[in-house]
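The two complexes that follow have chain A in common; it is paired with chain B in the first and with chain C in the second.
Presenting the complex of A and B:
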């Protein structure tokens, strides 16, 4: 079959499902569900067929041309888009299946499924984009879809606020990205990604190194917003207000992954700008550590996973910025799988036991939900980097990339973040698996010991993926066409050691029978306060940024009221007063008018006569 | 009789008419003043025709036109005055000052 036709079907089937569901099946949730699932299935089949076909030449269609600037839409088929597109389609479909169970009792099912379709379309369209502007359009659509889904329960004020926050904060980044794109338009006039990447004729040849750095930094600002890097990361934990399947979707293969994907897409350009790379390294390392420390002290299982997403995104960007293209992409894919799994497990607990609190989940017998718990342990192990689960292999690649780069501070940061990751992941697992005391689940939801099959099937599938996908590294490297060096077992030992140390500490704090279950960090009061308050970033925004904005708004309001309004009012009053003053000249006495007319004509006559 | 004598007579007539128009309060009197000014104009035309113009007919035609014009003007003026009288119960200019600013 024609690959173009397959790609069109893959990307647009979810959109079609979205449109049909929303237009025709608003009152028929079963049909809406069926059509969205069908769309998701078409995407899965299509993306897998494309993947099986392997890399090939991109296709482009002219959208419109204006002068020298031609805007083309099209599809890019390289290892990156093919592999990640398949991951996106599979995870989106898994989450759609999972939502059948999770959203079974929600009255607005149709809207939910339709929005999942929209999300799938936006993300797949973004992944396969051949044109930077096309990518930007889909990038914004991803943001729009996540706005709808985070604010799905819009009647809850906190959910509405979280949706707004996500939209506005990512928009801050998008402004940077858009300015970067405009500079590219202005300087080279093309948006075609392969052409921009070309070392001879692309962006590197057209721009001076300084200008290139500016452009890449601007694009990175967009990535910071989308991929939740410090200081634009605070929207992501708040996005937990959405239904759990949404969190799973948002934090694994879509939305936050879009930023990292864009970085990987433009990797050769980033590589050309040393300043940008260093900036990215500093920001991502700091983000990874900051968010890991916050995850250490959170009690809400979804918040822990949200902060771990931020830190794993930091890892990916560290790898990419250190020159480890393969490591970053590999971690992007493995993380998408195991993070989706973890969120689905969390959703299963929340759905079944009706609490977000990890200790409460443990107390209400979370470990009795057998499949969910297996998924949580495998996913958690993968996140922590326990060999031989998926996360171990990709993190190993990241450490290797960082050691190639050879800047000690980043290596140390990565190890610290990996240690903390292992610690907070196993804190979560121990809190749920080994609760201090248990009670009978008095108000367990539904029947049986575990969630219904539509929720368990995706969990099982993703459990297998999280356990096994790490061995696909060699295959992925061939697909991406990069050299992957062989790592000796000895070089892996420090990474394994640091992870095991984290697990051991978590066991000491939360696992063993005599454990205090508070965590070692409570011993250091100031740090504990700092971490529980999320490093005061939100407080900073609320108290400083918001207040400065208010002050600026007040100032501008004064300028408007006192400056513009008053001057316009004054001008109008002046006209009125001049009018009423000159109106006094009108006596209404017809003879005075005649006298004036005659006098004027006489003067005119004399003037003309004398001339 | 010279041209100057006719022109002086016309000037006198015009001045009288103008003075009437500007000074009288009764609108009928104003109408009379206007008629006087028109007569002065006719007189001027005739005088110039008699002493200056080679073609004798032109000035007389204009004078006839002015007479016709004056007749039409009088009829319109008087009909307006009828309406004004009905509305204001008077025809002096003091009474009709609704356009006073």
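Presenting the complex of A and C:
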């Protein structure tokens, strides 16, 4: 079959499902569900067929032309888009299946599934884009789908606020990205990604190094918004106001992944700008540490996972910015799989035990949900980087990339973040698996021992993936066409050591029988306060940025009312009053007319007499 | 000359007007149907013009020339170029949707439709005439009915709004009229023909002197900052279909006037003044967005958003004149006129519906309306997202083109107006959050949602927004040749 046709089917099947579900199946959720799942399945099959076909030449079609802008629409088939496209399709489909169980009792199922279709379309369209503007369009649509899904339960004010926040914060990043893209268009006149990457004729040849740095920094602003990097990260933890399957989708293969993917897509251009790379390294390292520390003190399982996503995205960007293209992409893929798994497990607990609080999940007998718990442990192990689970291999690559780069502060930062990751992940696992023994006995809640099959099947599949996909590194490297060096086991030892240290500390704090279950950080009061207040970033936005915007708007509103309106009203009133004054001359009193006439005549007489 | 289709487009509403005037006021249903049929016919003929227009050949087509007053050179010269076709289509769509939106009106139905149709006739005339005299004639016909329409069928300080609107627009005309006469005299050709005048080379001094009068005269109607004050108040006070025509089409007359008269006849003046007027336009874009953020009334939000979005049109025109990215800028400006027209029509049509049901348009009165009126709210959300410049909806493309031209011509302005996108998103989402999301207010539980045929006019406009969002080519191919002709001069 023609690869173009397959790609069109892969990307547009979810869109068709979305449109059909929304237009025709509003009252028939079963059909809506069926058609969206069918669309998801088509995407999975299509993307796997494309992957099996291997890399090939991109295809392009003219979309429209205006003046000197010609927008092409097309698909790119290299190792990056093929591998990640398949991951997106598979995870999206897993989550759609999972949602059958999770959303079984929601009255607005059609809307939910339709939006999942929209989301799949936007993300797949983004991944295969050959044109930067096309990619930007899908990038925005990914944001739109996230807005609708985060705010799915829109009657909850917190969900509505979270959706708005996500949209606005990513919009702030998009402004940077948009400006960057327009500068690119204005300087080279094309949007075609392979052509832009060309070292001889592409962007590097067309722009001065200074201009290239500005453009790449602007694009990175967009990536910061989408991939939730400091200081534009605060929307992501709030985004868990959406249903849990949405969080699973948002945090793994879609939305946040788009930013990192864009970086990988434009990797050669970023590599050409040293200043940008250093900026990215500083920001991503700081983000990785900041978010890990917050995850240490959160009690809500979804918030812990949300902050862990931010920190792992930081890892990916560190790797990419340090020149570890393979490491970054590998971690993007492994993270997508195990993070989707972790969120699905969290959702399973929440669905079954009706609480988000980790202690509470433990107390209500979370560990008795066997498959979910297996998934949580494997996924958690992968996140922490326990060998031989997926996250271990990709993190190992990241450490190697950073050591090549050889700037100590980033290496140290990465180790610190990895240590904290192991610590908070196992804090989560211990809190759920080893609840405090003194509390009430686990009580049966819900029905049965675990979630229904539609929820468990995706969990099982992703558990396998999280356990095994780490061994696929060699295959991925061949697909991406990069040299992958072999790491001696001795060079892996520090990484393993740091992870084990984190696990050990977590066991000391939360796992062992005599554990205080408060965490060592409570001993350092100021830090604990800082971490529980999320480093005051949210507070800064609410109290400073939001207020300044409001003041500016208020000021302009005053200008409008007191300045423009009142002055125009005043002008109008002035005309009226001039009129009424002049009208007095026409009073109709003969006496006053006579008085004026006499006065005028006397003045005339005096004037003539004096002459 | 063939089939005089443009005259027929003009005749449809004119005949409808005459029929309605002759109908007893009690025969409400007949009046409505007359208006509906005439608008449907105009729409059909506009589609015919759209399809029949040879975009590849470009230039003026469907020409009809009848001498009117030969002694002073007034000619009944009707013809459209790509811009004219696009705007004819816009007017027909808004007219058609507007008639259907006001179907349930019960107060003085006959007079209402008569004035509304008069307004539409004026707008059609402006978009198709190639004679300066008729241009001004139709222009005034379009403007004047606003006064009774707001005064009689309006709400919220309607006397004030109607008076304010009238004063502003007449002040604009007062600037415009002498400028147009000066152009006629200075050329000394003894003709009002725009085609002939466009070929005349006016002296640079004359152009620089006259241009600001003409620009500001038209600009007032286009909601030009800082002379925009009439527009939000007028939007708010007018009944919904009038707001639709007013924001959707009438404001476009101003921008069209700038393009078809000022820029075309006085290119040197345009170049001279462009930096200043571009600055005003950009200020309007940012200013409108910020002020919209503070509004508590639905219609005021949309009113100020119109100031902001029309700023993009005017900015596009001025950037086009500057000559660095002319084609993109002109394309953006004209496309934005069309997209904004459809979008605001959709906004007002939906807000009008909510207002008719709830008798409130204060945002804070609502909350959770999404559960009570899902269809109306969904449609409003589509319009809102279009306003926020989401790709997939028509407004994305013109905004992008104007941003592009701005980044190329005056990067500082480009950065400012792109950054204003955040503010735009803020005011749009603020309305969503406060009025549509959150727990439903039980007070509105009994409100009826859009039903059956009521969905139709709104769905039509949504479809148009989506169509041009996905197929911008349909618009750019149409207006491209006119743009190339215009841009070649700069």
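What we mean here is this: the second predicted complex is superposed on the first by the 562 of 611 C-alpha atoms of A that agree within 3 Å, B and C clash if a C-alpha of one lies under 4 Å from a C-alpha of the other, contacts with A are read in each partner's own complex, and residues count from 1 in each chain.
Operating definition for what follows: a contact is a pair of C-beta atoms (placed from the backbone, for glycine too) under 8 Å apart; a residue touches a chain by one contact, two chains touch by 3 or more.
Model, not experiment: these values are computed from the prediction.
S.K.: Which partner chains sit in contact with A:186 here, chain B, chain C, both or neither? Use first/second/both/neither.
M.R.: So A:186 only meets chain C here.
S.K.: Check the residue A:24 against both partner chains and state whether it touches chain B (first), chain C (second), both, or neither.
M.R.: Neither: A:24 stays clear of chain B and chain C.
S.K.: So, does A:172 touch the first partner chain B, the second partner chain C, both, or neither?
M.R.: Only chain C; A:172 stays clear of chain B.
S.K.: Which partner does A:536 contact after superposing on A: first (chain B), second (chain C), both, neither?
M.R.: A:536 sits against neither chain B nor chain C.
S.K.: Count the residues of chain A touched by chain B and by chain C, then name the partner with the higher count.
M.R.: Larger number of chain A residues touched: C.
S.K.: Based on the superposed arrangement, let me know which partner A:471 touches: chain B (first), chain C (second), both, or neither?
M.R.: The answer is neither, since A:471 touches no partner chain.
S.K.: Looking at A:61 after the superposition, I want to know if it touches chain B, chain C, both of them or none. Which is it: first, second, both, neither?
M.R.: Neither: A:61 stays clear of chain B and chain C.
S.K.: In the complex of these two chains, what residues of chain C are touching chain A?
M.R.: Touching chain A: residues 163-164, 167-168, 226, 228-229, 287, 290-291, 293-294, 325-328, 331, 368, 370-371, 385, 390-392, 396, 401, 403-404, 407-408, 414-415, 418-419, 421-423, 425-426, 429-430, 432-433, 436-440, 471-473, 476-477, 480, 483, 487 of chain C.
S.K.: For the complex, give me every residue of chain A touching chain C.
M.R.: 63-69, 136-137, 140-141, 144, 151, 154-157, 159-161, 163-164, 167-168, 171-172, 174-175, 178-179, 182-183, 185-186, 549-550, 552-554, 556-557, 560, 564-565, 568-569, 572
S.K.: Sort out for me which residues of chain B touch chain A in the complex.
M.R.: 18, 21-23, 30, 93-94, 96-101
S.K.: Chain B touches which residues of chain A in the complex?
M.R.: It is residues 582-591, 594-595, 598 of chain A that touch chain B.
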